[in-house]
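Input: structures, listed below.
One chain, chain A, appears in both complexes that follow, with chain B as partner in the first and chain C in the second.
Entry: the complex of A and B
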């Protein structure tokens, strides 16, 4: 067990080093530019609208940049190793194939985690700066003890908007979604040889996953009328993960309060599905000719 | 375990066919091959491109599965963890992770083999010294020449002290000095009791280090046996003597012909062009140092 963990760790370390030395983390600089530019551009809004806007831009940017990294990165994990023949060196060592696969997965996931953490720090930094600017404008240099009730109420409103811990829930769920998307792209990369095909197929599965609820309803309705169509809907409904359940992120961003219990439920669903996909990837990769 | 206690490698009817996509035809990469390679011997795999040398090596490593037949490495099924623990492999035209330094690459390989801590560090230092790469160990692999890559490749193959080395074209694309270095290293490794299987296009090198060879062509075994048997010309003798240059060669020739020998050729022995080149470069280096 310990040996297995060491081997997974070694492959993960090598995968992360490759990404870091190819300067993938420069994407954080891009994120910082997006955040700062958008917050400056929309500085004429009221603070409610401005914070809402910063949150929307922040979560959308984390989501898009994360998805690009997960899909493009995972699509290259196995095909590039085979194409470069670096896989021969690794797999000739006493390493189980599933250890190699998990090492690759966790290496890329470490990169995604670093990116999400980095982007979160930038995001909260931008929010904090704006919070301080608004508070300073309202209180205009007066000591806290001298604030009028109106100023106190306004500062409380600002802090409520800026220190919204729902964003932590949103970022956690965004991360879980990225981990799931990465596992799906990895599964495809154990079967296919073309990175472009893997990226394309991952996008298609991602879109289908968002239409899950439609497929489930269709399955329930159509099953009674046309069994073939019903079976097709069932396959989609049960094989493709339900990305629609992550729509809770939008509700959090809209300002709704979501319980941690519900967030944990979605998070657990994501982890469970990821494990199933990784297991399937392992079984397929075990039989693959290198 | 096998009933051949001194067998390093034993293969019986080992074959590989690839099904051609979109057709019913298949490509024979290796016709049923029997091998029995003795522990401590150097075994050369000869043959033109596409003859099945790399396929044989991949089958022994478990990188691909045989269509029929089986192979055992020191009694363990080829491809099993137990078998791979005994093998060090150098792939053809090795594409190692170019973003790592030589020492980091050896560290990665060592960790895959279950080594860690000070033992691993000591081993890395020893191996870098053994392949004359101590100074280049901190440089990234992308800055290495072909010869340096082959040497670091040999070092990674030796990281877990394997009993069997499988080297696919170890001197391919390497200059004569580098090639000689690898040849000498192989002779050293043999003297340590290791078994070596290697393929090479440089027949002179194969002749210099191999005990036995197998000649493959289009996936079929043409010949197999000890070099001493294959290369000895029956009905001819060779006389080698050290002495004065003043000895009249014609006289010796006449004496031998008088004794009834035919096709007598008496001449001063020649060294190979490779040997001449190595000596010349060595002398030049000595002169510069002096």
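Entry: the complex of A and C
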């Protein structure tokens, strides 16, 4: 067991290092530019709207950059190894195929985690800078003890927006969504050979995943009217993850208080789903002709 | 081939068994996003359309709502009121839980659009301008009523609705009712409870206004805030009401 973990770790480490050598983390600089530019652009609004807009831009940027990394990265994990024939060198060593696959997955997931952490630090940094600007404007640099009750109330309102602990929940769910998307792209890469096809199929599954809840609740009724459409809906309901459940991230960023119990329910759903998909990927990859 | 079959079976079994879990997650999500759990029914086209449009945004709902709101701000500056309404409707549909969208959207319609119609109207005559203005006020009111279905406990929406009835429709009695509802919600500003009585008095409901103020004064008379200007104003109104209603000397508060 320990030996297996070490082999997975070795493959993961080499995958992460290879990605870092390709300067994938430059994406953080791009994110920083987007955040700073948007925060300057939104500076004319009231603090309530400005914080909402900055949070939305931040969350959308983390999602887009993370999804691109997860889909493109995972789509290249196996096909590139086969194309370059480096997989034969690895397979000639005492490494099981399943360990190789898990190592690849966790290597890319480590990169995604680093990116999400880096982007979150920049995101919180921009929010805190704006918080300080607003507090300084309202209090005119006076010491906290000298603030009027109105100033205290306004500062409390700003801090409620800027130090919203819900943002941690949002980041956690963003990461869980990326981990799930990566596992699906990896599953596709165990059956397909073309990276472009894998990326395209991942995007389609991601989009359809947002309609999964509609398909799940409607397929039986649709089946009575049109069996083909009903069967198609049933396939979506059974085989595609419910990505719409992650839409709660927008509510969290809008200031809605969401219980940790609910967040952990969605988080554990995506972790469990990811494990099932990884297991299926491993089984398929065992029989794949290299 | 055998392992591939097992993988397919694994995904299928998981797919069939996960439905209950997903349904539970969706039930709570709808409660949070829409403020109510309405089970999807293919016959309820509105809700289905709303769910589909939310789904098609593919996880970028907040950003789409923000874009709609930015577009609304541009339309407001150009006095394109139909576009203002369309963008406010879009933002509130995409992200109904954002109180700010309901509140500010209604303000744009009931004040900015309607006053523009009244003051700078391109209408042929004054009656026509007043009808147009009234329509915009009603659009703002309806937006808030829809917002209250999602946010039945938000004081800000009740206050805005009360302001519309007071300032734009001249219906003080209904305004008093909404100020009262606002004052009973968490986070309501202190003035809401005073405005109930003032609105009742403006509606000509002098006895109701006096009875209400008597109750209110009983609660605050020993507190330091009763000597502050807002409460001194209440005191003045109560004294005037005592005169109007000819309250016997022994029963008067002041």
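Basically, the second predicted complex is superposed on the first by the 282 of 290 C-alpha atoms of A that agree within 3 Å, B and C clash if a C-alpha of one lies under 4 Å from a C-alpha of the other, contacts with A are read in each partner's own complex, and residues count from 1 in each chain.
In the analysis below, a residue touches a chain if its C-beta (ideal position, glycine included) is under 8 Å from a C-beta of that chain, and two chains touch if they have at least 3 such contacts.
Source: prediction; values computed, not measured.
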Inset, instruction - Mind telling me which of the two, chain B or chain C, contacts the most residues of chain A? - result: C
Inset, instruction - May I ask you to decide whether A:253 touches chain B, chain C, both, or neither, giving the answer as first, second, both or neither? - result: second
Inset, instruction - For A:63, decide between first (touching chain B), second (touching chain C), both and neither. - result: second
Inset, instruction - Considering only touches as defined above, state whether A:289 meets chain B (first), chain C (second), both or neither. - result: first
Inset, instruction - Based on the superposed arrangement, let me know which partner A:266 touches: chain B (first), chain C (second), both, or neither? - result: second
Inset, instruction - Please indicate which partner A:149 is in contact with in the superposed arrangement: first for chain B, second for chain C, both, or neither. - result: neither
Inset, instruction - Give every residue of chain A touching chain B within the complex, in rising order. - result: 3, 6-7, 9-11, 13-14, 17-18, 21-22, 84-86, 88-96, 289-290
Legend entry - chain C residues within the chain A interface of the complex: 1-4, 6-8, 10-12, 14-16, 18-19, 21-26, 28-29, 32-33, 39-40, 42, 48, 51-52, 54-63, 65-66, 69-70, 95, 97-98, 100
Legend entry - chain B to chain A touching residues, read off their complex: 58, 61, 63-65, 81, 84-85, 87-89, 91, 93-97, 99-100, 104, 108-109, 111-114, 116, 153, 156, 160, 166
Inset, instruction - Over in the complex, which chain A residues touch chain C? Could you list them? - result: 48-49, 52-53, 55-57, 59-60, 63-64, 177, 206-207, 210-214, 216-218, 221-222, 237-239, 242-251, 253-254, 256, 258, 262, 265-266, 269, 273, 276-277, 279-281, 283-284, 286-287
